[in-house]
Amino acid sequence: MLEILIHGAVSSAIYAMLAVGFTLIFGVARILNLAHGSFYALGAYGAYFFTSHLKLPLLPAALLAMAVVALFAIVVEKVLVRPMRRSQLAVLMITLAVALVVEQALFLTFGSEYRNVPAFVDAKFSIGGVDVGGQRLLALGASIALIALLWIFIQRTRLGSAILAVSQDPEAADYMGIPSDRIFSIVMGLSAALAAAAGVLAGPFLTVQPTMWLLPIVKAFAIVIVGGLGSIPGSILAALMLGYAETIVGYLISTSWTEIVSVLATLLMLIFRPAGIFGKRAAF
Amino acid sequence: MFGKRIDYAGAVGFIVFMAALPLVFGGNYLIGVLTVSVIYGIWAVSWDFMSGLTGRENFGHSLFIGVGAYTAGFLNTAFGFGGWWSLPAAMVMAMLFAVIIGLPTLRLKGPYFALAMLSGAVIMQRLMLIFWEQTGGEEGINGIEPLIRSQLGFYYFALAALVLVTALLLALARSHWGLILRAIRGDEATCQAAGINVTFYKIASLVISAAFAGAGGAIYAHYQLQVSPQLFAVVTSITIITMVYVGGMASIYGPVGGAILLVLLTELLREFGEWRLMIYSCTLILILFFVPHGLIAPTWRRFRSKLRRAQ
Amino acid sequence: MSALLEVSALNKHFGGLHAVKDVSFSMAAAEIVGILGPNGAGKTTLYNLLTGFIPADSGSIVFNGRTLRGLAPYRIAGLGISRTFQLCRPFVGMTVLENVIVGGLGAQAGERGDLEARALALLEKVGLSGKEQLLVELLSYGDQRRLEIARALAARPALLLLDEPFAGLGSGEITDLSALIRSVHAEQGLTVMLIEHKLHEFMRLVGRVIALDFGEIIAEGSPEEIVRHPKVIEAYIGRGDEQAEEQADAA
């Protein structure tokens, strides 16, 4: 029971970090970023590369990885996505193409074998008789802290309210003199950094290989469908639901069935409540 | 009409050329490459019929291909049905999946369909691995019988299938049905105001598209004599989309040319080995940026109007 | 005289906004009715309710003896209600001719006849002949408005709903378009409802006016009655809508 509680919380936290960024850039810039999973993969590979090749200590390596990924995302958005923004399809195509280029680049430089991202914490902790890896607990804590920080940033700062304004009404924001292009860059960087953080934190206990971007993007998609496209609280709640649902199914039936959970959740939501749990339909 | 006569002449020329190629150059290697290119052609036209015409991009066409191929594999090996049963069965199964995914997603506006197809393909690939006891896992299903034993015979069968599918979909695309699909791409609300049941047309065209993709999957299974989860891979879908973009979206015949051209070029790129997919993805980005209307169909249109003016 | 369209107690809320409030009216066949109202009065929303694009919260809509509420937009269109959009929404990527043909495709198969010939005739009627093979994107704004009407007529509607058909047109174009509306009305006995801001043309075209403000019907009657109606004057002048004021005076 406690085991489910803890492990469910850890996977929910990782999912939330991915989904919040995915939904944020959609809500603000209407960019459905299929390269979002690549940022997660690049984060994990970045931490691996900076520690094992450049021999950096883990914390600077992790921060550097997040910064590099954020920068990469900003460049992708500026150079490749922005000229295509008038067409939703073109954005999907171009971001998917970017994801494949990243996958191939990772494959060509690092090969297809699994890579090890060092853990911040190697110790195991025992909580109420349940053994939990320290890294998992750290991932949980860090995820809560990062998402809380993001939330405070959006709610409490000037830049944050500009982001909110753009997401609610881009035209009105334009009239008010908010430079929406710059906002897009910032949000893209933030959401990529968050995904990279998820990669760095989850890297030690997940398999790090070039195709690791794919399943997370599917999960992120399921989560934002359940939570409502563009809604941050919705995606956090949905991440919790999916994380726990998968953990419970994994314990009760078998881990083989966990993948079915997200598919079923997605399908059922689309059929019965396409606007998400909070019912806020993103205007398209 | 003169324009139509040029089109027919072009089609006949293409068929004769494709049929004559192995006779002139010979060799099982070339026949193999051509067979694969023709099967990709079937996948590309079937993609274009739904996604090119309605503008609802399907990022998981490999789902239908894989479902068709596995249906063929199961029927042929586990249940011992003769090879020819695979085609109708694969079509029916693929159509079933199209309805399951299309029904909830195509009635919604927004990117739900594109994402659901992508997710569906990814999940199916995972399921093939997870339930390896039933599906053969990474290995897939081996020992599938060939439909036709002679290599050349199989190639001609695949070519005939491609010609048939293309002719059928072209006829549909040029009928009122195609007009409606293009109108859906133009403006869905106006379609509804004109009394058109948009959801029905989108789902029906997805079902048709899936049927032929599934049939192509079955043909592929009986050509490779085995199926593997790799069939469901996103890369397969992207390869097909690239072919359609190269050929010219919504033209139906263009993607056939795009598929054949790209498969042949890929063979030439063989020496680049691992770099192949990288080159592919970068090509796609370049095409999206610089020739979004494609190469083959626009070239053909230009050629045709030149001929017409010369006449 | 039995009504072609009978609307009663229709309501629509958008969050806290009561966009259409207890609207009831009826239309007889072959009438031309104008809907008048300042910006945001709920005119377009009323059209969206009638055509099923937005579900109503309460009330009833009966057309030709059939209840429309809850029907999908394409079904309502199939029953013989055609509409145009306030902002032109042609089928982009298609030719002018194809646009009009698609407009006729939603009708029952039996009524189709020779779609292409009819589309050509309609294009001639709205003054777009010679432009049949152009891509719609290349048409001028005025031509797009005309095309919008040709497309709507291609479905052979019993009731035509026009949303600000004159918006953005020059006065010459407005006269032409009015003549067109009058002629299809006269020839086919078509029932027409139109939303308009420019009172001048509108007044000579319509037989009856329904004035809306804040989602409510504030007045109903002949054009002459409406321009003198104190509530209408207040709705326009009281809010300093200068253009409307001028035109109300002119009328």
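In order of appearance the chains are A, B and C, and numbering begins at 1 in each one.
Convention: contacts are C-beta pairs under 8 Å (C-beta built on N, C-alpha and C of every residue); 3 or more make two chains touch, one makes a residue touch a chain.
Everything numeric here is computed off the predicted structure, so don't read it as measured data.
Peer 1: What chain is the most remote from chain B, judged by the mean position of CA atoms in each chain?
Peer 2: C
Peer 1: Would you identify the chain whose C-alpha centroid lies closest to the centroid of all protein C-alpha atoms displayed?
Peer 2: Smallest offset from the overall C-alpha mean is found for B.
Peer 1: Averaging over Cα atoms per chain, report the distance between chain B and chain C in Å.
Peer 2: 43
Peer 1: Which integer distance in Å separates the CA centroid of chain A from that of chain B?
Peer 2: That pair's centroid distance is 32 Å.
Peer 1: Just curious, how far off is chain C from chain A if you go by their C-alpha centres, in Å?
Peer 2: 47
Peer 1: Which chain C residues qualify as touching chain B in the complex?
Peer 2: My answer: residues 51, 53, 72-75, 77-78, 82-83, 85, 89-94, 98-99, 101-107, 115, 151-152, 154-155.
Peer 1: Going by the contact rule at the top, pick out the chain A residues touching chain B in the complex.
Peer 2: 32, 34, 80, 83-84, 88-90, 92-94, 96-98, 100-101, 104-105, 107-108, 214-215, 217-218, 221-222, 225, 229, 256, 259-260, 262-263, 266-267, 270-271, 274, 282, 284
Peer 1: Could you list, by residue number, the parts of chain B that touch chain A in their complex?
Peer 2: 55, 57, 59, 100, 103-105, 108-112, 114-116, 118-120, 122-123, 126-127, 130-131, 234-235, 238, 241, 274-275, 277-278, 280-282, 284-285, 288-289, 292
Peer 1: Quick one: which bits of chain B touch chain C in the complex? Just the residue numbers, please.
Peer 2: Listed in rising order, the residues of chain B that touch chain C are 176, 179-180, 182-183, 185-187, 189-198.
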